[in-house]
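Data block below; observations after.
Chain lettering (A, B, C and D) follows the sequence in which the chains are written, and residue indices restart at 1 in each chain.
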Amino acid sequence: MLVETRVRERIESGKGITTLIFEAPMAARPGQFVMVWIPGVDEIPMSLSHIGGHAGITVKEVGEATLALSNLRPGDMVGLRGPYGNGWKLDAKRILAVGGGVGMAPIIPAVEAVGDRGRVDVAIGARNAGEIIFEERARAASSDVRVTTDDGSHGLKGTVVALADAMMKEKRYDMVLGCGPEVMNRFLLKACVENNVPCQLSLERLMKCGSGLCGSCVIDGLRVCADGPVFTGEQVLGMKEFGKCKRDDAGLRVKL
Amino acid sequence: MLVETRVRERIESGKGITTLIFEAPMAARPGQFVMVWIPGVDEIPMSLSHIGGHAGITVKEVGEATLALSNLRPGDMVGLRGPYGNGWKLDAKRILAVGGGVGMAPIIPAVEAVGDRGRVDVAIGARNAGEIIFEERARAASSDVRVTTDDGSHGLKGTVVALADAMMKEKRYDMVLGCGPEVMNRFLLKACVENNVPCQLSLERLMKCGSGLCGSCVIDGLRVCADGPVFTGEQVLGMKEFGKCKRDDAGLRVKL
Amino acid sequence: MTTLEVDLAGIRLRNPTLLASGVMGETGDSLLRVAEAGAGGLVTKSIGLEPRKGYPNPTLVELPDGYINAMGLPGPGIEAFAEEMEVAKKGNVPIIGSLFAAVPEDFTTLAGKMEDYGAAAIELNLSCPHAKGYGMEVGIDPEAVGTIITSVKGAVTIPVMAKLTPNTHRLLDVARAVEAAGGDAIVAINTVKAMAISVEARRPILYNRTGGLSGPAVKGVGLRCVYELHGAVKIPIVGVGGIESSRDVLEYMMAGASAVQIGSAVGRRGLKVFSEICHGLTEYMIANKHRSLKEIVGVAHAR
Amino acid sequence: MTTLEVDLAGIRLRNPTLLASGVMGETGDSLLRVAEAGAGGLVTKSIGLEPRKGYPNPTLVELPDGYINAMGLPGPGIEAFAEEMEVAKKGNVPIIGSLFAAVPEDFTTLAGKMEDYGAAAIELNLSCPHAKGYGMEVGIDPEAVGTIITSVKGAVTIPVMAKLTPNTHRLLDVARAVEAAGGDAIVAINTVKAMAISVEARRPILYNRTGGLSGPAVKGVGLRCVYELHGAVKIPIVGVGGIESSRDVLEYMMAGASAVQIGSAVGRRGLKVFSEICHGLTEYMIANKHRSLKEIVGVAHAR
C-alpha cells in the first residue's frame, strides 16, 4: 500500500550521501526496505536506515533517481510502499556487522536493535572519510566500532573486508552481517568461510515490483525482494550468478 | 460474508415452530439477525435465538422458505450472512421482556444476556400452548416468567399485551423489550406509553439485501435491517407507516 | 468561507456527493433521509414503466471488499413513483431521476414524467449488467445510445445524463455518442459483471447467477474509466465506484469527475459517510487553499 | 490414493494449479523454483520477438485486495529465452509458453520457437490491457483472433490456448472464434483495466497511467467469465483471477475450469500457496469421496 508522505528532515550524511527522514512512521524489521516513489522520476528500492517513529532512508547519488531523491527538500512529497523483504536474523550471541559505504544503511538499524553494546561490533568501510556514515550511531550502540578507508583519510587504511577478517581472527563471533557493493560481499563471504563464521549478506538487484511478483530481481531462482534481501552465507554460496552477473530491465544476463 | 454451514441439531420448539442449531459459531448481540440462504429456495431474515458457540434460529412456518427451513435435517447445508442490525440495549435496571409467538426468538437471548434473574421479568404469549416457546430458558434466566394464551390452554387466558400491562401496573420497570406481530407491537407500545415506561420494539419488514443498501425494508425512512430491527418507542411513535402499511417486493405500499 | 458547492451540467450541488442509484432510492422517505444525512444530491432507484418485483433472494453477496448484487431492477413503476418524489423533494437537494427502459420511446415517456415530478435531471441507466433486455444490453452500442439520448433530449428541458458500463471495450465510443447526441453528462461506472459460487451448495449464490460487483474492489476500474472519459469528451463526468472517503473523492475529481456518487459505502460505512466525506473535503480545501473544488477537476491529466 | 491429476487439452498435470503468466516467469531459475514449490505447470512470462525493457517504474500499485500493474511486457525476447527454457524444464512439469505479438505471422514465428524449446503448449496473450498494439488491442475482435489461432495452429503440433480479456462485452464471441479456429483451450481472465491516483502528487501512480487489476478484487469477475465461457464453448477453460485458496480453486472448477492459474497470490501469500492449495484440494476430495477433480468441473451449472 502506497503511503504518501513528505520529507521532514534532510541530512547530508556524507559526500553524495543524503539521509531523508519522512513524516510517515514505518514499523519494520532492521534490514527491510521500501520502494520509494519520486513522482515524475522513478520508484526505487531503498533500505530503511531509520525505522519506527519516522521512516528514514540514506541514499547515495549514482543516477537519475538517486540524484532526484538527494535533491528533495523538507516538505517535498514521496510515496513509500513496504516494508518489504525479510530483514536480518539477530539471535546470535556475538555479532560482527560490516557495512561498506551506503551499505551501512541497512546495517545500522540492526546494530541498534541488538540493544547490547557488548554483543555487537561494527566494521565500517568506505573509499574515503567523506563516505563513512553512521559512525556515531554505531559508537552509541556498540563498544567496538572500527573504521577503514581505501585512502586512509579516516580510520585504518585498507578495505573493510580486511578489517573484518582481522576482527574475526582477533575475537570470536558467531554471526557476521554484511552489506556493501557485490564485490565486497563476495570477499566478505570468503573471509567468513575461511574463519568459519556464519554470515548473512544483504544483496541488491534491479527491482521493479518489490513484491515478489515480476521476477526482475532474481539471483538464480531467489527473489531479492521477497526471499531476501538478506540471505545466509550458505544460500549465497549456492548462487551461480552471485558476483558474476545480474539481469537488466529486459531480464537479459549482464556481466558484473 | 456468506458462511456456509450445516444443521447440527433440529429441535421442534412448538407447533410449526422449529429451532435449527448450526455448526458455525456466531458472535452476535441479542436482537441481531442473520440472512439465511436455503439453496434453491430463498434467502430470508431470521433472528438469532442462539448466539455464541453455535448459531441458532427459531423458525415459524408461514410460507415456502420457512417451510423449507423447517424441513431441514442435521447435515443439511445453509448459508448465513450477518449478524446484521443493532440489537437490544440492555442497560436498564428493571426490564420487562415481552414476546409474542415466535417473537420470543430475539427476546430470549436478551433475557439470558441480562445475567441477573432479578433484573428481568418475562411475559410470553401465543395463540395456544403449542406455540409457547422458550418458557424453560426464560425460567432459568428470570425469577418472574408469566405466560398467556389466547385460548387459555396454557398460563393465563388473554393477550400478552394485557399481561404486560398488568405487570407494568404491578411492578416498576424502566424498560420494556417487545417483539411479536405488528398488531401486538402496536398495542404494547400503547400500553408502555400509558404506563410511562420506555420501550424497545423489534420490527419486521420485507428484506432483500439485509445490508442497508436496497431500501426494501424501510418503515418511513428507517431501514429495519440497518437502523433496526430494534427501535425505541419514540422512534416507533414517529413512524407514519407503523401498524398501517408495509412495502411489497416492488416497493409499493400495501395495507397491513 | 470554504464551500463545497459544485456545478454539474447547470445543477448547483451544495457538495459533490450524490447518492448512487439503487441504494435507498426506492422510497421518498429513504431518499429524504439521505438528504438529511448530508448528500449533495440524490439519484433515485432506476424506475421503469411498470412495477417490478425484481429477482427472488439471494440478491446480494457480501465480499470483504464489496458486494455483488442482482436485485433485478425492482421498483414501483413510474406512476406510483410520483408520491415518492413528492416526499423526497422535501430534502431540498436536487433529485436526479434514474430510468431504465428497452426502447427510446419508453425512455422518453419516463423522462417526461420524471421532469413533471420535479426531477432536476435525468440519469439513463444504460449499464445495469444483470437485467435481461435492459441496461448494459443497450448501453454498449454507440448508435443505439445516441438514438436514446436524442429522443430523451427532445422530450425534456432538464439535463440528461447517461450512466455507462465498464463491461465493454467501447466505453469511449459510447460516451462520444452521448456527447454528439447532446447528452449533458456521463456517469461512470455501473457495476462490473461478476459472480459468486458456493462450494458447499455447488451452485451460484445469486438467484440470477451473475450480478454486478461494486465497492472498493472496483474503485480502480472506475478511476480508469473517469480518467479516460475526461480525455475523450468535454461534457462533465460523474464518478462512481468504491468511494468511501474524501480521499477517494479527490482521486475521482483529479481523474476528471465534476461530482461523485456513493452507493456501497452506505451499507459498508453507514449514512454518516456523506458528512464524513464532506468534512474531509473541507479540510483538504483549507489545507491546500482551494476556493472551489473545480480547481482540482482533472488535475491528474497535467504532466 | 487420491490424485489431483487433471488433463488439460491433452496435457497431464500433476495438479490443477499453474503459475500464471508474468509472475516469476522471466527466468529459467525462477520458473524452476515455482515447480519445486508444487505448481502443476508453469506459464512463462509473455515473450515477444525482441528484448523489451518494459515501462519505467512505478510499474506496480499494491491495494488491500490486489494489485494494479503495468509492467509493459518486459522480457528477453524469444531468442534469449531458449536458455531459460532449458533450465525451467528441469522442473519436470509442463511448461506453457506465453507469447505476445501484434500480427499473426509474428505469433507463428514465436510459437514455432517455443515448441522447439520444449513447451508443452502455447498460450497466446490476447488480453494484456496496457501494452500499446498488443494484447487486448487485438484480443477483442473475434475475426482477428480467429486468424491468429488458425495461423498458430498451422505452425505447431502442441496445444494452443488463447488468454482472453474481461474488458469487453464480446468475450463469448471471441471465445467461439477461438474454438471455431481450432484453439485447444481458453484461459480467462487477464487483468481488468484500472488505475490508481495519488492525491498528494496529483497524478496517476503508474508510469503508464493505466494498468491491470489482479488479485482477490477480480475473483468474482473471473468466476463470471469462466461460468459464461463454460456455457458457450466445449474446449477446456483455464480459470485465473484472485485465486488464493483451495476453496477459490473449487469455485473456479465448479464454474467450469479444468485447471487454474495463480499469479498475485505468489506475492500476497508466497510460493507456499501452491502446496497449501493442493493440500486443501486433497482434503476436499477425500471428504467428498471424489476420485478425480474432473467430477466437479462445471457442477455449478446443474440446477
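By our rule, contacts are C-beta pairs under 8 Å (C-beta built on N, C-alpha and C of every residue); 3 or more make two chains touch, one makes a residue touch a chain.
Source: prediction; values computed, not measured.
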Intersection of the contact lists for subunit B and subunit C: none
Number of steps on the shortest touching-chain route linking subunit A and subunit B: 3
Relative to subunit D, chain with the most remote C-alpha centre: B
Geometric centre distance via CA averages, subunit D-subunit A, whole Å: 36
Distance between the centres, which are taken as Cα means, of subunit D and subunit B, whole angstrom: 50
Separation of subunit C from subunit D, taking each centre as the mean of its C-alpha atoms, in whole Å: 33
Subunit D residues counted as touching two or more neighbouring chains: 63-64, 196, 199, 203, 303
For subunit A, residues contacting two or more additional chains: 40
Topology of the chain contact graph, where touching chains are joined (line, ring, star, complete, other): line
Pairwise chain contacts under the document criterion: A-D, B-C, C-D
Subunit C to subunit D touching residues, read off their complex: 63-66, 68, 136, 140, 165, 167-170, 192-197, 199, 202-204, 209-210, 213, 216-218, 220-221, 223-224, 227-228, 247, 250-251, 254-255, 296, 299-300, 302-303
In the complex with subunit D, residue positions of subunit A that touch it: 1-2, 4, 6, 35, 37, 39-40, 42-44, 77, 79, 81, 208-216, 218, 220-223, 226, 247-252
Interfacial residue positions of subunit D with respect to subunit A in the complex: 22-27, 29-33, 45, 51-54, 56-64, 67, 69, 71, 74-77, 80, 196, 198-201, 203, 205, 263-264, 266-267, 270
